[in-house]
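Structure in structure tokens, see below.
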Amino acid sequence: MTLFNLCKAMAELTADMFIVPMLRFQRNIFPPFSYPAGDLADWFASEGGIVTLAWIYAVNIAFAVGMTNLILVIHLERKIAARIQDRRGPMLSLRAFRELGEDLAGEAPTWRFKGNYSGIGIVQNMADGLKAITKELIIPNKADKFLFSMGPVIFISSSVFLLVLFPLSDRFAASAAPGGLMVIMAAFSIAPIGVLTSGWASNNKYSMIGGMRSAAQLMSYEIPLLLSMAGVFLLAGSYNPIDIVEQQREATWLFGLPMWNFIPQFIGFIVFMICILAEVERVPFDLPEAEAELVEGWTTEYSGIRFMFFLMAEYIRGFAGAAVATILFLGGWAGPWPIPPEIWFLLKVYLIIIFWIFIRWSVPRIRTDQILELGWKKLLPLSLINILLVIFMVEIFPYFDEIINLPEVF
Amino acid sequence: MNFKDLQKLLKANEGVTNISTLRENVIKFDLDKSISKEFFKKLKEEYYFEHCSLITAIDNQPDFELVYHLSCLSGELSVGNTKMAAMVEVHIHLTRDSPSIDSVSDLWFGANWHEREAFDLMGIYFIGHPDLRRVLLPEGFAGHPLRKDYVYEIHEEEW
Amino acid sequence: MAEMWISMGPQHPMTHGLWTLKVKVDGETIVDADPELGYLHRSVEKMGERRKYFMNTTLTDRLCYASSTTWTHSYVVAVEELMEVEVPTRAQYIRTVMLELQRLASHLMWAGAYMPDLGHITGALYFWRDRELFLNLLELPSGSRLLYNYIRIGGVKRDLPDGFQEKTERILTLFEQRLDEYADLFENSKIFRMRTEDVGKFTGSQAMNLGITGPNLRGCGVKHDLRRDDTYEIYEEIDWDICTREAGPGYSDCFSRYMVRIDEMRESVKIIRECFKKMPKGPTMSSRVPVRASGEAFRRTEDSRGEALMYLVGDGSDRPYRWKIKSPMFTTISACPYYLKGYKLADIPAIMGSIDICIGETDK
């Protein structure tokens, strides 16, 4: 029972009950539009229309799942960061509203939680989103109006596109592209266009410098990123995430313990982790938007919902980056039986994200020229060494058949 | 070099009057305006005063007075057998009409902004200063506020 | 890209105070710098000429709000020299304790403001959490957390409360443990070292010419501390060392200036403990404090940031005739082209943060 089958059933149902009768009704009522309406009614009743409708439903469900995870990631970041810093983090929640209401009405709160308004804090994110939406959208006077608005649009549309591209398990896949992971990396690489556009269109020296730094950093870390993924592609034999996870499921060592991909290719794993941190611009690599020197870097002039777009897009890219890392190196959705594979996948993604949160709040930033030096001089040779290692391993693995079990690819 | 020897050496210079010791490690004297530049150069190069601590401008009502505080940080001048740092306080009197003196900012860079502040608040002009403009008050400000005859006019400012 | 002037203007999240720094950059490298002050000029010197001597202690508190006791103390010591007032011994010991506690609070404030410049926001919260401990301690004798008005002409305002010594001892032990933890978190962190080493260098002899004093000078290896060199209160009866560090023979960088202040914090802990051991009983205020004064006097003291000098001229009335304040940061900021040239734009927060600027005292 895959996602696609479910959506196809839903599509047939809804087409039957709502869409086709509505369009047929259209045909009879309104003569100028009756011809396209009639064609559409026929198309929806046929196989192609149902399949298209099913894909639309599937993409929407995947988008909804991704956005829910986004809220959870943001909340997790704020709470864990707060605990590292010896404080509690956002505490606003529905219980807090009830306590506030009771307090204002003059009665004692019915449930005391150490005497202060407190809860899990998940409503805080909604409150922040509401605040961002109601702020005034300011465009600086001499800025290029069209490009100023387009910059965040490019950035967030490429990031949201990423959410539907990776599957959460065999059966929960909203995209069937055979070159799955390559399309994901291509979508990651659209971001520098959005960054440069916003930085330049703001008509502000700081933003321009920030945008250029950011573009330089993103572009120079693409190469070690892709090279470190090349090792996994060589072992698995295809770009499809489903094939990659299948290959990892069968790779075992010692007493049948799963080996996934981070042990045979630990150099690739480490290089990939560093490069994906630089790619999604988290600390220690977030100098382009550092508050200290460049105010907010390339997002300085943005306010309201446009600024929220940038923030959300960053967290979405972080989530997508962690998902790609899981698929490539941590075995994707492979795991023992009682827990469904989607939950395994999400557990592993959250593990990586929590690790990144710990790094972010424990380490200072690296300067841009040091970042570029790291990328070009140290990570690029390492990733090349990784490819050599993989080729070497694939050639000699028949001699280690008893302890390592890699499926035959070549 | 011992600090007591310095006092004798200073006495030997002309233009130096009223030498007295304030504390164990501070000598205070008056200096003639005309030989100020060479004397400061001598203080810096021969007598090891390589740090300019402060330049004060005082408005004694008939005329102006400049007070230079210079100190020796490197320990070349020893005060008895203690580890105290030696300091010298130089008073120079200037006329009211056009108070000006040679600048010492090429000897000690630290004196640069002290002289600018003396110009800004008291109106003393320093000849040879590389960039003499106001430092604490805004650029279009008229008058030198720290003078005793400065009258504060309440006027509307354009923002 | 051509050379352009960038103004890190008065409204900026990380310039530590209200001033403008204009830098001329060629690509990413700094070619020239031009600082501008005066946004916080409150004409303290002119106001001081209108007020009586003992009223000026409230003005001096507000000169540098991060380290206010040291400035009041500097003024009070200059006035005592002018009026020839004898301060009783117990008052001197209490003053030393308050000064060292204030130095700890000021250095912790600096460290808490320095860490976010490098990108380490957790560091800010850790250091400011510890600063809270010391502000609570300082609140016990004087009644306020930030601007104390505790040191008066002739002594201190009132005696230390009961139990002050035990509380201080407890907090000092806790603080020393925390300093060891922070050593692990910050000094041994490779990224921290990458950001602060070989950045913002100047030599000791250059610093003396430029007018730089205090921990910035001691970071170059020059052993100069006004608590020993021009001593005041009872620093000569206490056994303490001058902390110096160098990044190389005779020059300093951001890391050595950071380490000097951490060392100074440990020294201050030592000094406070010794003061408590040796503190005698007795009066806390001099019995004879005149109201009028005439003559001239100056004193210099070791503020948390360098050498603070107050020069007073009295004309026989009960108000100062001329009061001049010297702030260490005035000349240090003026010298910023010297230690900013040749480094990258991204180094400016690291360098200016390690200099420890407080604009309140600079602008008077």
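Chains here go by letter, A, B and C, matching the order in which they are written, and residues are numbered from 1 within each.
Here is the rule we use: a contact is a pair of C-beta atoms (placed from the backbone, for glycine too) under 8 Å apart; a residue touches a chain by one contact, two chains touch by 3 or more.
Treat the numbers as computed from the prediction; the structure is a model and nothing was measured.
Colleague: Mapping chain-to-chain touches, which pattern fits: line, ring, star, complete or other?
Modeller: Graph shape, chains as nodes and touching pairs as edges: a line.
Colleague: Taking each chain's centre as the mean of its C-alpha atoms, give the chain farthest from chain A.
Modeller: When every chain centre is compared against chain A, the largest gap points to B.
Colleague: Nearest whole angstrom, what separates the Cα centre of chain B from the Cα centre of chain C?
Modeller: So the centre of chain B lies 24 Å away from the centre of chain C.
Colleague: Could you state the distance in Å from the CA-based centre of chain A to that of chain C?
Modeller: Roughly 47 Å separates the two chain centres.
Colleague: Just the number, please: Cα centre separation of chain A and chain B in whole Å.
Modeller: 65
Colleague: Find every residue in chain A that makes contact with two or more other chains and list them.
Modeller: Not one residue in chain A touches at least two other chains.
Colleague: In chain B, what residues contact two or more other chains?
Modeller: none
Colleague: Which residues of chain C touch chain B once you look at their complex with the stated criterion?
Modeller: 37-38, 41, 43, 45-46, 205, 208-213, 217, 222-224, 226, 228-231, 298, 300, 307, 309, 311, 313, 321-322, 324, 326, 330-331, 334-335, 338, 363-364
Colleague: What does chain C use to touch chain A in their complex?
Modeller: Within the complex, chain C touches chain A at residues 4, 6, 8, 12-14, 28, 115-123, 125-126, 129, 185, 189, 191-192, 194-195, 344-349.
Colleague: If we count contacts the way the header does, which residues on chain A are in touch with chain C in the complex?
Modeller: Touching chain C: residues 81, 84-87, 205-206, 209, 283-284, 286-287, 290-293, 295, 361-370 of chain A.
Colleague: In the complex formed with chain C, which residues of chain B make contact?
Modeller: Touch list, chain B to chain C: 25, 50-54, 56, 58-59, 67, 69, 73-75, 83-85, 87, 89, 108-114, 117, 121, 134-138, 145-146.
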